[in-house]
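Here subunit A shows up in two complexes: once beside subunit B, once beside subunit C.
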Partner chain A sequence: MRTLILKTASDYLLPILLLFSIFILLRGHYLPGGGFVGGLMASIAFVLHAFANGLKDTKKLLKFHPGFLMPAGLLLSFLSGLLPVILQDAAFMTGLWLENPIPVIGSIGTALFFDVGVYIVVLGVTLTIIFTISESA
Partner chain B sequence: MTQQFLLYPLLWQLFLSIVLMFAWRHIQIQKIISIVGSAIGVGLSVALFYEVWQNGTLVVQAASWKAPFGISFVGDMLAATLVLLTSIAGLAVSSYSAASLIPARLRFGYFSIFHFLILGLTGAFLTGDIFNLYVWFEIIIISSFVLITLGGEKAQIEGAVKYFTLNFLASIIFLTAIAVLYGLAGSLNMADLAILIPQIENRGLVEVAAILFLVAFGIKSAVFPLYFWLPASYHTPPSAIAAIFGGLLTKVGVYALIRFFSLMFVEDVLLDQILMVIAILTLISGGLGAMVQTNVRKVFSYLIICHIGFMIAGLGMFTELAIAGAVFYLIHDIVVKTNLFMISGLIYRIKGSNKFKELGGIYKEYPKLSLMMIIPMFSLIGIPPLSGFWPKVSFIIASFDTKSYFILAAVIFASFITLVVVAKLWAEVFWKEPDKFPKKKHFLYFKKMTLTKRLQMILPILMLTGVSLYLGFGAENIQQLSMRITGELMNTEHYIKAVLPNN
Partner chain C sequence: MLLAILIGFFAAFSQLLFGKFMKGKLSILLGFVPLALFIFFAQYIPVIAAGEIVTAKHSWVPSFGVDLDLKLDGLALLFSLMITGIGTLVFVYTSAYLRNHPMLDRFYGYLFIFMASMLGLVLSDNFLAMFIFWELTSISSFFLIGFNNTNPDSRKSALTALSITGIGGLLFLAGGLLLGEVTGTYQISQMLSQNELLINHSLYILIVALIFGAAFTKSAQFPFHFWLPGAMKAPTPVSTYLHSATMVKAGIYLLFRLSPVLGNSDFWNNTLLIVGGITMLYAAFHTLFRTDLKGILAYSTIAALGILTFLIGLGTKESFIAAAVFILVHALYKATLFLMTGAIDLYTGTRDVTKLSGLHKVMLPIAIAGGLAAISNAGIPPSVGFLGKDLIYESTLHFRHNAVLLTTLAILTNILIGYAGYVAGIKPFIGRTPTGLENVTFPHPAIWIPPIILGVLGFIFGLFPSLIEASLIKPIVSTTGVSTSDIHLKLWHGFNTVLGLSAITIFSGIALYFIWKPNSSKHYFIQRFDILSPKFIIETLSNWFQSFSDLWTRIFQNGYLRNYITVIVVFLISLVAFTLLNNTTYQIDYSSFSKLTIYEVVSLCIMILAIGFAVFTKSRLAAVAATGVMGYSICLFFVFYSAPDLAMTQFAIDTLTVILFVLVLYKLPRYLNLSDYKTRIKDGIIAIAFGGLISILALEVLAQPQNNEISAYYAENAYVLAHGKNVVNVILVDFRGIDTMVEISVLAIAAIGVFGLLKLRLKSEERKQQ
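Up next, the complex of A and B:
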């Protein structure tokens, strides 16, 4: 069942929820939040969109299969762990940080990219699971 | 070469599985990446082995957090050897599964999950932190659960449920033991614990933790009376998967037992006696189980259990020679068991069955292949000078030294039973005149396979047979390696110094 109210609301909610998920992702280093929770929120945004507009529209919106996000996120996390090994011959996953923090985002380091990778993996996994279930139902 | 090299074999497997996920739909590309990648993995492991052999233990503190606060990765001789064997078995099975598995099974990311499994095994061997070990065990369980159910046949699901339930139980017990130990000692770094555990006053609770670890690893390594999940599940997945399971999964449990009871819970008389009793019962019950089976893969499953007993016996006697025997046997067993399950798959491809009564006459049809298959079986029995023989010599001498004559009897008994079982198998599968059985219609028999596929199946078996032969004829080198590993295991200061240089 598609209602006009939900459909209209979801058009506005999708970008807001995605923005909020990125906010949660970025505050995650010292405060509650991080890649896992952020990724779940982002996937909720898409699930809501699918609820309101149907699965087909959401897939069109995403342009590619969400399963593709899993290896992409894993690769990002893996490379952020590998970076210190390549650059400084330090142990795997050692944190490397830029000296000056960037406004809005804060300090940038390998840990941030690791978390972004987690965000992408969680988004990919959740969407793959939910899309598969709703397709077969 | 730097210390960081220790993690390269591990990171390489992770990288491979990520790349394989990108090629999700292209099975042909996945096969090439997996085989070539596994070969490079072997190269990395050889380099690591050589490095550790030359320059001693390598240690990496993950994320540069100093031990005991961070996670340590320790590559001592035992870990480096097992990583090398894992990668060799991985290469063999990777090539073997490319040829022997039907595309329907490969379609859902088989190779990616397979490399995750190898990653978990490598990590479990390298880690120096108990909780991290638990995490690697979880990676192993999850990926093996996917592998065992891929294809979704009814028998597979049934086997998988048994497999998963009991292994999950083992994980819970493992976690409980970790909690108890952390409550007692306040650390989970293995080297740190080796210092802390002897100082704990509450000996009773230390004993409880040790027994909990013993039960957890006992389930994983399938010792008596905790082995029932193994024969119920190992014959259900395709033989390529059973090969990596039979060769390596139970051995991780044995590795953990050796590590725990030589590094942390040492000089515990009660524990040694329990281990010896378990070993004797495992040897006898596994051997008797193998006698009555009439399915090639079930026979091999019971033989896995039976031979776990040898390693536990070596650990239980806890003399230098006995541990060296256990380590030698571990090395031999990984190679030979992986090979045996691949052979069972080859038999299945030739005849379309694994049941004794539907088999026979393979020797007449394929005399050369049969001769190749007999070598691993002979080394399994331990016919001199093949690889199974030498560790048994160590066990027998050690059991005279420690006056544990029951172990002596059980070791000899189990060796004889293995001989009888293999002789029976040879007679039934290779010699017997086959009954006329209708050929299956939709089944790719070995004869109809293309030459590349045949080679992909036979070369891994040939390679592992070659390794087995080297283990037997180059026994002096392997014994020297085992003695060196034993020296490192018995003298725990070496391990502790490497991880905690300031202590």
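Up next, the complex of A and C:
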């Protein structure tokens, strides 16, 4: 399935799709979107790239095995839940928020980091499964 | 006190980290851990002797009534001292016995776990906490029996022991739960006052039967005794520690502990008397036919455990005194005999009594220890064994009925046990030294000092019984709820019937020793009756069970995904349909339906077309694409009914699913094995039934009055509490954040599963090709 058009397009599509997936992730708190959908979109971006350029190129682009994203994301989510326990001695997963919103991103709270963690885990899981199956099938 | 239990677990864990440094000569230092614990418990002796009970309460899972209520009374103290005291000696002994063994650190780790769980078992006052420790002792015993894991016999024995004691553990749990239901508490000390209520309760027989099951399996009572001789495959320190001195007495401990709670009924007493009686005679008789030192000792241990069960079954004050003394007596001499056996095995390379003799020339200290133990075992004065045996006879002679019969049983058993002691403890050391054994190296101090200490203790306690009278025996007997003021342990009671019986026992034992010589033909003779033994019967039963489960697995777990799905769906249909037909009145509120729009009609048509295509196409790829179309159409419905989050996710998921299918199918051969006409009709019926059922269910749910409280709460508080306007997302990351956390963990596990299944298989295939 290597066509020149797709190959050229995918070079531009990958960053755009990734940006879009991050946009979806960040807007999730107010509008439709969120970590889960964002992660799925990001993985679709990579899968598209893999279709156009072959798995090897995509793996080279990633530099490390997507499986490592899973523990990283889990850790981030877990720590975001643990933060209130450490900082304020509150219950696990109590939401904490900064007073003033930051431009572009908006207000920052533990829930954001939690959602980023979900995003990373979903990306890691999907890519691991798809890469593994396409390599072995 | 909790720390005393936990130290063992910490020590076991530290073996994982620092075990490598402790493997060599330093390993003897590990003995300081049990020694420190021994001193810790020893300082409670005066407190307990004064009649006090030390308790400590730690909350664990309070909502289920599981608390670490620790209670140190006389019985717990005796066991704690035995566990840590004999433990110290065994730890020291092991450092020499398994010197330079490559897995010594692992061995010590298991021993630590065992010690800690055994301490936990005897100290817990809460039934459920006790259950956990009870199981932990079984598990550590499993690892220790199978320690020589390259030997298939070892592994098999370990498995047998684990299955027997494991079944016992389940019975323990069941009995404990019932006991908790009836008495309303899991705390044993609170059950003490409810003895009458329990005896008259309709569940009494069941509870007692379950508790008996637990105790009899753990303490190797007939017909569950056979795991114990098998357990002798373990290294000798393990046999000493677990399978003679401490763990096998856990069942006895349980019976002793529950005597005041469940005892005082004919069922309780008679069952214990019968089972204990059969066990002690059966096992003692078996010692006659063994030639392996450890085999002889294993059977005499079973016999001793039988005596203990028997004594608890008598249920009189005298019998409790006798049992308390005998627990200590047996631990002392049997541990000595086992340590001695280990030394002989280590230095001569054989445990066959027919080949061993004259060893006193080469290992005098071991011979002395063996002699001391054999004397105490036979109950010859002035050893503590004499005291123990006297007390046994006294309790049988003064029993309400059948005193003569019971005493005869006890005498017979004691004669045979005495014989076993002579064969094991004296025979290897006397006589002419056979060639080949003259140049045996002199044992390491860590090998001969521990048995000597234990052997000598047996005599010190015998000569000065006041040492254990007030400090240990009285508090133990008081745990059964009888007054202890008139207990006086004495070595010399004057010339009376009991002394006469003792003399008969001792001399008959000696006579038997001279008449009956163990040899291998006798061993083979008894093997012919194996077909009648409980071991054979239970093994046959378990083989049947295994064939049955094989058959079951082959029918239901046949590896065809379509069959799995069929079974699951058909089961679900029958279950739901049954409930629907019986309990529901159909009331579908047509007025609440919204009107059909043109979009809905169009996407419905697309869906129907896609389904038809998926069913009738002959290409796999086309079928997959058609299901993708189905998915997208469903997404459209989500969009129509304003669920954009769901629609987005569904879109992404459907895309990925199709990609996955294509990836897999792309590589499959072109040829498509289509199912035949009949199968298709069958599948169609199942599918339509399932779909119809789900539709009815959905309509029914709609007709039910809805409870909007929760969704209203979420909608109201999403922005106030969680600073979010998208309620769906706020629920996911905040209100139900822990759910999401678990879900992503599950996702990660699934991915690891896929990766492991495919990659590892690939690697092994690659290896084959090379």
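The definition used in the following text is that the second predicted complex is superposed on the first by the 137 of 137 C-alpha atoms of A that agree within 3 Å, B and C clash if a C-alpha of one lies under 4 Å from a C-alpha of the other, contacts with A are read in each partner's own complex, and residues count from 1 in each chain.
Here is the rule we go by: a contact is a pair of C-beta atoms (placed from the backbone, for glycine too) under 8 Å apart; a residue touches a chain by one contact, two chains touch by 3 or more.
None of these values were measured; they are calculated from a predicted model.
Q: As a test of reading the superposition: which chain, subunit B or subunit C, is in touch with more residues of subunit A?
A: Tallying touched residues of subunit A, the top partner is C.
Q: Report for A:70: first if it touches subunit B alone, second if subunit C alone, otherwise both or neither.
A: Both: A:70 reaches subunit B and subunit C.
Q: Looking at the overlay, does A:41 come into contact with subunit B only (first), subunit C only (second), both, or neither?
A: A:41 sits against subunit C, while subunit B stays out of touch.
Q: Just subunit B (first), just subunit C (second), both, or neither: which does A:134 touch?
A: A:134 contacts subunit C only, not subunit B.
Q: Output check: A:82 vs subunit B and subunit C. Expected answer is one of first, second, both, neither. What do you get?
A: Only subunit B; A:82 stays clear of subunit C.
Q: Could you pull out which residues of subunit A sit against subunit B in one structure and against subunit C in the other?
A: Residues common to the subunit A contacts of subunit C and of subunit B are 67, 70-71, 74, 78, 92-93, 95, listed in rising order.
Q: Residues of subunit B touching subunit A in their complex?
A: Residues of subunit B touching subunit A: 2, 4, 7, 11, 14-15, 18-19, 21-22, 24, 60-64.
Q: Taking the complex as given, what residues does subunit A use to touch subunit C?
A: Per the touch definition, subunit A meets subunit C at residues 24, 28-37, 40-41, 43-44, 47, 67, 70-71, 73-74, 77-78, 81, 92-93, 95, 97, 107, 109, 111, 114-115, 117-118, 121-122, 124-126, 128-130, 132-137.
Q: Using the touch definition up top, name the residues of subunit C that touch subunit A in the complex.
A: 644-645, 648-649, 652-653, 655-656, 659-660, 663-664, 666-667, 721-726, 728-730, 732-734, 737-738, 740-741, 744-745, 747-748, 750-752, 754-755, 758-759, 761-762
Q: For a test of understanding, state which residues of subunit A touch subunit B in their complex under the given definition.
A: 67-68, 70-71, 74-75, 78, 82, 85, 89-95
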